[in-house]
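Two complexes, one shared chain (subunit A), two partners (subunit B, subunit C).
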Partner chain A sequence: MRDKLGEELRDVLQELMNISMGQAANELAKLIETKITLSIPHIVTITPEEFAEIFDSADRYWFSRQSFLGSLRGEVIALLSKSGTDTMASLMDYPLPLDDATTEELILELANILAGACLKGFAEQLELKANLSMPTAYRPAQDKERQFRWDSALLMEVEFKVEQSMFGSKVLICLEDQSVDSLINRLNTLLE
Partner chain B sequence: MSVPVTIADDSAFSRKTVMRALPKDWDVLVHEATNGKEAIDAVKAGLADVLFLDLTMPEVDGFQVLQYLNENHNKTIVIVISADIQPEAVELVNSLGAYRFLKKPLSPNELHQALFEVGLI
Partner chain C sequence: MVDSLVCNALVDKLPLGICVLDRDFNISYWNSFFADRMDMPSDVVLGRNILELFQDEASFLKKKLKSVLVLNNPSFSYWEHRPHIFKFKSSRPITGEETLMYQNMEIVPLQIVDGEVQSICLILQDVTALAGYFNAQKELALQLEAEHAEQRALINKLEMAQGQLLQAEKMASIGQLAAGVAHEINNPIGFINSNLQSLKDYVANLLKIVEFSEKVIDKATPDAYHKLKADFYERQQYRFIRQDITELVSECLEGTSRVAAIVKNLKSFSHVDNSEWQYADVRDGMENTLKIVNNQLKYKVTVHRDYDEPLPQLYCQPMQLNQVFMNLLVNAAQAIEHNGDIYISMKCHEQGVRVAIRDTGSGIEPRHLDKIFDPFFTTKPVGSGTGLGLSLSYSIVQKHQGQIAVTSERGKGTEFTITLPMLTEQQVAEKEQQARNAAPHLAE
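== the complex of A and B ==
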């Protein structure tokens, strides 16, 4: 994948991700009236082993999964830090203390805003369709039967940090192999 | 005489997007900068009567470039073109003396409108 992409396409993809995460951060910033700091997006191909390692950080993160279908098919995974959850809850007018149900509601709402806006911005700029399903919470220890089917995936990672709280989030977009080809075709068109 | 214009953005694709969006009949001499440091160098070298400036760049970012221009009472006309569109970024950029804030993805119409309003075309 790294070779398939090449320097020029990687630059385009990174810029498209940059714009999408800018839109996603703005959505959240408006809602909580707090500034969000953005990282430079990170685009890598990963092996199933590396993919599995993401979920070793279950002591630090909540996870959500959202699949999307259309001319782009794949899955968005959001990692939301456990630290700062209470701050986010109060910024978003959730009653404290959080119980299990309200915690799940909060992380799914956050995942939907960030991952949703990220994917939407990305697909729009590429003029490709990607219809996103509702997010579901993913618990690596319990949800063993809900396996991931990524043999290899193009993984686009963006990182959000909420200023004045310990909260941070990562959004991973995983694409199916076929979608990677459609993606590359579109990127080439954009470069012409 | 051609107007010296610098496009500062770390993404080659992004610089190309700005270049394509410039009005066809605007007589400019385009210079490219890939980070804030190069942007400041371009200003010093007289290559930037107009500066199209990205905010998130490695080494020296767009805010620092604006800061520098502000402190040195520089007359460069800065048009910020940014993916970070949060209200705080817009406010900060305006307070640092940028003429316009345009959001990415860049719309050629918005760019033309901005150039017209500033009196460049």
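== the complex of A and C ==
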């Protein structure tokens, strides 16, 4: 599956991602009335080992996960930086100081907004359906040998930064193998 | 296609709270889950603003609803963070247990026209059972953790107690052995000693007799016999014997007295030799002991005293404690080669007295530290230490239900700390009784 996507489709996908992520950033910016910058989307096929490495950064990030169903199936993983949460809390009208419960509430809400915006934009561009479930905090077991039922997955990563704060977030849209096929079909149809 | 009546009935039957709002958050649908539990019929709430109806939660609801409107993206709330958004009536009015309903809420955009959200659906799920289970689990985990910590502390305590027990057991078995040996040795040593005493007298007498005979021979007999006598004396090494015999007997006597001293130590070690329990001031004991060991201290040691005033009177065996002090002081003095200091402190302690004796001597080698209280362990040259002093001290302190501890640094010195609790006569009597019950043969 490494080269399933191909250079041309990857470029198209990246362009699509760029547009939808831009929309996502705009909407978030509207809500919190603060400027948001985002990185160029990064699209890569990964192995379970590479996937597991993402969670080595547990000292710097909180993780959340949300599954989505529809013609596209997969999970959205959001990494939210531990720095700058207080600024985000005040932007989101949370009472300060944050306790553990409100921190998690804030993290999940932010993750939901970002993931929802990203996925919605992305699915709309492709004219595909993807219903996102509610987010949950993800705490992968650190030392345990992680067992995944897949060999490779498509990962679309985009990084958000909230200006005037230390806060940053990475949203990873992870597609399972079968969905990659429907994605490729869809992209090919759009290109024709 | 299912018609709208069926649809309405279906939504009413769902075990979910469902409420539909327009863009201004006015209620346009309110299912029976809400109506029944809030005691607010549908026709009362329809058209009313949800934020006005639930003013306590207005700011929270507004934030969530606004984010759905702006982002066209579902929002949610978990019971872990906000357990009771809507204050429902208890669902168990008969059996009691007034528990508030734990709720998960999802807010989803319902109708979207040209990318703009026209109506919002609020879905409420009753997760009371789940939350109850989860909370119980959490409580259980906390409880387990606390128990675990308690157990760990207990294990530590047990390990310590075991160590002490091991030492005490070693002492007890050595004590039994010592009592037997002491008893066996005491008899022969007794008659050897008294025989030697007699022998000493006899030897003196014999020597006088020989001297007298010699003089008589010298005066009364012809010279030829003198020569004969001199030859015979010479052959029998009379001069040497005469000189050596007294020395031999004295040495033997000294030997027996040393054996007797060891036996006495052994006896007191095995508690055969019980000295009296009484109330005493340990400071007096220390001062008396210092006078006794003064000979070994005065030329090389400066003694520094630091005593609490007043010290409580301890119910103890003063003579035995003096023995302990003496052992420690003599050891301290011996550890000091040329000049040094001994610091003695006697302080009130939570439930008794703490005595510390610190010297600036050579210190104890780390590898010896856990052996110094073992009977017969000594680093002194053969003949100058029995190896019983510290083990005896240990058992005396134990008998006072106290503790003796040591810290030492090579080249810097050693400190012994004795903690003696306040005992009552009754406690001591009980303890003695226990000891007698446990080892009847020792009390004989």
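Quick notes on this one:
Assume the second predicted complex is superposed on the first by the 180 of 192 C-alpha atoms of A that agree within 3 Å, B and C clash if a C-alpha of one lies under 4 Å from a C-alpha of the other, contacts with A are read in each partner's own complex, and residues count from 1 in each chain.
Everything that follows uses one rule, which is that a residue touches a chain if its C-beta (ideal position, glycine included) is under 8 Å from a C-beta of that chain, and two chains touch if they have at least 3 such contacts.
The model shown is predicted, which means the values in this text are computed figures rather than measured ones.
Because the two structures share subunit A, they can be overlaid on it, and in that overlay subunit B and subunit C fit beside each other without clashing.
Of the two partner chains placed by superposition, A:74 touches none, neither subunit B nor subunit C. When the shared chain is aligned, subunit B comes close enough to touch A:40, but subunit C does not.
In the superposition on chain A, contact of A:168 is made with neither subunit B nor subunit C. After the superposition on chain A, the angle subunit B-subunit A-subunit C between C-alpha centres rounds to 150°, nearest 10.
Of the two partner chains placed by superposition, only subunit C is touched by A:109; subunit B is not.
Minimum Cα separation between subunit B and subunit C in the superposed model: 13 Å.
In the three-chain superposition model, subunit A touches both subunit B and subunit C at residues 30. Interface of subunit B with subunit A (complex): residues 11-14, 56, 58, 82-88, 103-105.
Contacts from subunit A toward subunit C in the complex involve residues 27-28, 30-31, 92-93, 101-102, 104-105, 108-109, 112-113, 116-117, 120, 132, 134-135. Taken in their complex, subunit A has these residues touching subunit B: 8, 11-12, 14-15, 18-19, 21-23, 25-26, 29-30, 35-36, 38, 40, 125, 190-191. Within the complex formed with subunit A, the residues of subunit C that make contact are 59, 63, 66-67, 70-78, 80-82, 104, 106.
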